[in-house]
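Per-chain numbering from 1; labels A, B, C and D assigned in written order.
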Amino acid sequence: MGFQRAPVCMIPDTTDPAGSDPALLVVDMQCGAFNADSDAPMACTATSVDGGLDRVAEYTNDLVEAARNADVPIIWGKEQHRPDLADYGAEFLCSEPIHALENSEGVSLASAMDVDDPVSRPAEYEVTKRRYDLFFRTDLEYILETYDIDTVIVTGIMTNICVHYTAHGAHQRDYAVRVPEECTAAPTEYLHEAGLKFIEYLQPDSLQSVADVIGSLETYEGNAIVRHVKETGTVDPSARR
Amino acid sequence: MGFQRAPVCMIPDTTDPAGSDPALLVVDMQCGAFNADSDAPMACTATSVDGGLDRVAEYTNDLVEAARNADVPIIWGKEQHRPDLADYGAEFLCSEPIHALENSEGVSLASAMDVDDPVSRPAEYEVTKRRYDLFFRTDLEYILETYDIDTVIVTGIMTNICVHYTAHGAHQRDYAVRVPEECTAAPTEYLHEAGLKFIEYLQPDSLQSVADVIGSLETYEGNAIVRHVKETGTVDPSARR
Amino acid sequence: MGFQRAPVCMIPDTTDPAGSDPALLVVDMQCGAFNADSDAPMACTATSVDGGLDRVAEYTNDLVEAARNADVPIIWGKEQHRPDLADYGAEFLCSEPIHALENSEGVSLASAMDVDDPVSRPAEYEVTKRRYDLFFRTDLEYILETYDIDTVIVTGIMTNICVHYTAHGAHQRDYAVRVPEECTAAPTEYLHEAGLKFIEYLQPDSLQSVADVIGSLETYEGNAIVRHVKETGTVDPSARR
Amino acid sequence: MGFQRAPVCMIPDTTDPAGSDPALLVVDMQCGAFNADSDAPMACTATSVDGGLDRVAEYTNDLVEAARNADVPIIWGKEQHRPDLADYGAEFLCSEPIHALENSEGVSLASAMDVDDPVSRPAEYEVTKRRYDLFFRTDLEYILETYDIDTVIVTGIMTNICVHYTAHGAHQRDYAVRVPEECTAAPTEYLHEAGLKFIEYLQPDSLQSVADVIGSLETYEGNAIVRHVKETGTVDPSARR
């Protein structure tokens, strides 16, 4: 073996806008949500934000760029369901129309997410989820464990649902949470504000401006294992350039 | 809806106010929350309800009585922490003062819960939780599995935190949820209403009046395993009177 | 035994070789394991069985056919790891060489599994796992919940590892387990026998002959939701032919 | 905040007999298991060890003493079931007679465990479990997270069941595992040896002699949070002497 890693701890002792050992979680920035003119079931008109989802995507693009430059791992959370809905379960009881079928156009990354080639880039990953919380019944924790993450920066849509429940999933697993407010939105101002309030209740330091998070990432020393992956193509500690 | 399937199913095909095979979860009706005059950290002034927490307790007492008469299992959820806070984790990052230490007065059942001898009664159980969601890192699911539960009726405090996150924990495990609105409260009207809205988003049929839930329980045939426990003192199927 | 209870129950009251509401789990029947002449890291020479893995595959093909005819859902468990090993974690500490990289030939279904088009068939699913137990940090439970499964028939390789730990994962979640002995194998007779003994310890009724399981499936009335999927292409209860 | 903690990582880079940041898990050293003359259902004659369970207890007493001196947190795992067996579930299908009822003599710590006052000591905890694996549906992970543990030293009975499945639970959550061989036993030599082989398969470095583990603990710098608890009575980082 031979990892050269920073001192970490599950419950970081910092109010830094990016926490101490962060990963970036981008949740559900999928076409279906952006397609507000259509009947797209995940459509999120994002009236909570001037400029709507396109503006949220711009902020998120900037944050993704900062995370890449700072050697922070990125997880692209993707809600999708099997075409026959065999994993849909209690969502049949929910208020949303049927949405996010695998292989449909609606589940692909929104075109407003103007980022190079996510997922095939080093230390970036797609994680499929079946419910709102990116932690539940997914393999997310394996990735966070590999990179010794203690803080998750959560962005995406919607503020009150997937971002909020992913923040809660992180909180109850003893991760610190950061939510850059400009990088999330909801169909109404009320739901956006309520979502933020609920997240703030969990961890008051979680709410941050995207500028502060980016500023903090610019001074972050970087995740040593991300650098190892960028150099060798693998987290395998025995791999050498 | 309109499932055409065999009588066994995790996701019940009913809008009945009590679901099809319900258990009652009473969450955090603990002294600490009722002690609004003191500095008690879980104190919940419950201004969202006329009559405050005492009124919530009265409604809940009625519901507990109905559940007992209807042969419905009852789980008394109890948040408590080890005295040295070794299980407190990310709650150090949260907005609440330190609360609910094991063996403190604050964790005992509130005196306004005027019910006979909970827990020592047949088919009633106490489940300790360390976070908000009664499902997470607890043995609750074993009890629900034993009684073949597909619906959880969630009551207690606070609407936006423990009741809401327990409802979410149930939802993402494919249980139907019912929340009798009079049986939950929050420190402010805003938090109470927001908590209900979030629960309603998960499952629109979840919000019910306590009168409707009690009315439905009066016509429920009862849980056969609860009856077996009342007759024999054990769920063991080989036990006979 | 002799439960006197309603027809819904997690813990079936039957010693039937196929349980009461079964799903078939086929675990890790992947090319890498069959390639015993190579250095393939999952190679499993299966000296525990006359005819080796090809014989195991023949028995499993028969069982898959019987499950399809009986309207039983089938889950194809597939161990695979991200190419950069970001989900590999404590497997770096294990005794196996690095194995089962996504998109490598080794992770595809072994050619000896001479079955029509798995996965694209109705009520059949692939579930990716990162460790041995098909339940852990996967979405398997959603599928089992949808089909109201109470018994899992576990087959595949290796007896002592993935089959055994998947049986254990099922056991601790209150499912009944069946393992048709001819449908699993291990590199040595000792490991095969020890794996079976450990499974038997969990649930003595779990060990069955494949002939008995197939015989029981021939008399099974079938899973109503599987039939619905075969008729309509979806589990959605509102879908009609 | 202000924890002074050692650099940790989930997947430690060491073959040290005690790992890098260890906790000691003592599993099921309960009266019921020691009572081999009786019909006690957990009775474990431990013919796998010269001197039987009393000898296992002596070794474990020494290890507990070493862990205390080394400022290592200790978790006392305790299998127990509700008196009406409401959490017993699939154990009704298992090969063991009904065992370990709460408040029965059989669940108390075996008298051969000649240690001062466990649990009331600083940084020692009791964790109740309902199945074999001490991780599953318990709050163990909260404690391990608090102390930034990356290695679990697992002892107790039986080698093939609770010790083995707890080791597996740790492995699939990316903890390193150590099992001091003299500190575990099984009813037969075969089951003991098979249990050890299965553990070794998971992590070849896991099997250690108790002497080597104790020797390593004597040189361990100690867990900083354990020291904080010994000094202040709480893990709360704001607490000062």
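Some notes on this structure:
Keep this in mind: contacts are C-beta pairs under 8 Å (C-beta built on N, C-alpha and C of every residue); 3 or more make two chains touch, one makes a residue touch a chain.
Values in this document were obtained by computation on a predicted structure and should not be read as measured data.
Hopping across touching chains, the smallest step count from subunit B to subunit C is 1. Looking for a copy of the A-C interface in B-C, B-D or A-D, one arrives at B-D, which has over half of the same contact pairs by residue number. Relative to subunit D, the chain whose mean Cα position lies farthest away is A.
Separating the CA-averaged centres of subunit A and subunit D is a span of 36 Å. Note: centroid distance subunit A to subunit B, computed from Cα atoms, is 31 Å.
Each of residues 1, 10-11, 89, 92, 137, 141-142, 145-146, 173-174, 237 in subunit D touches at least two other chains.
Across the complex, subunit D meets subunit C through its residues 10-11, 89-90, 92-95, 131-133, 136-137, 160-161, 165, 168, 171-176, 191, 194, 197-198, 200-205. Of all residues in subunit D, those touching subunit A in their complex are 1-3, 5-11, 13-14, 141-142, 145-146, 148, 173-174, 237. The touching residues of subunit D, when paired with subunit B in their complex, are 1, 73, 82-89, 92, 98, 122-123, 125, 128, 130, 137-139, 141-143, 145-147, 229, 233-237.
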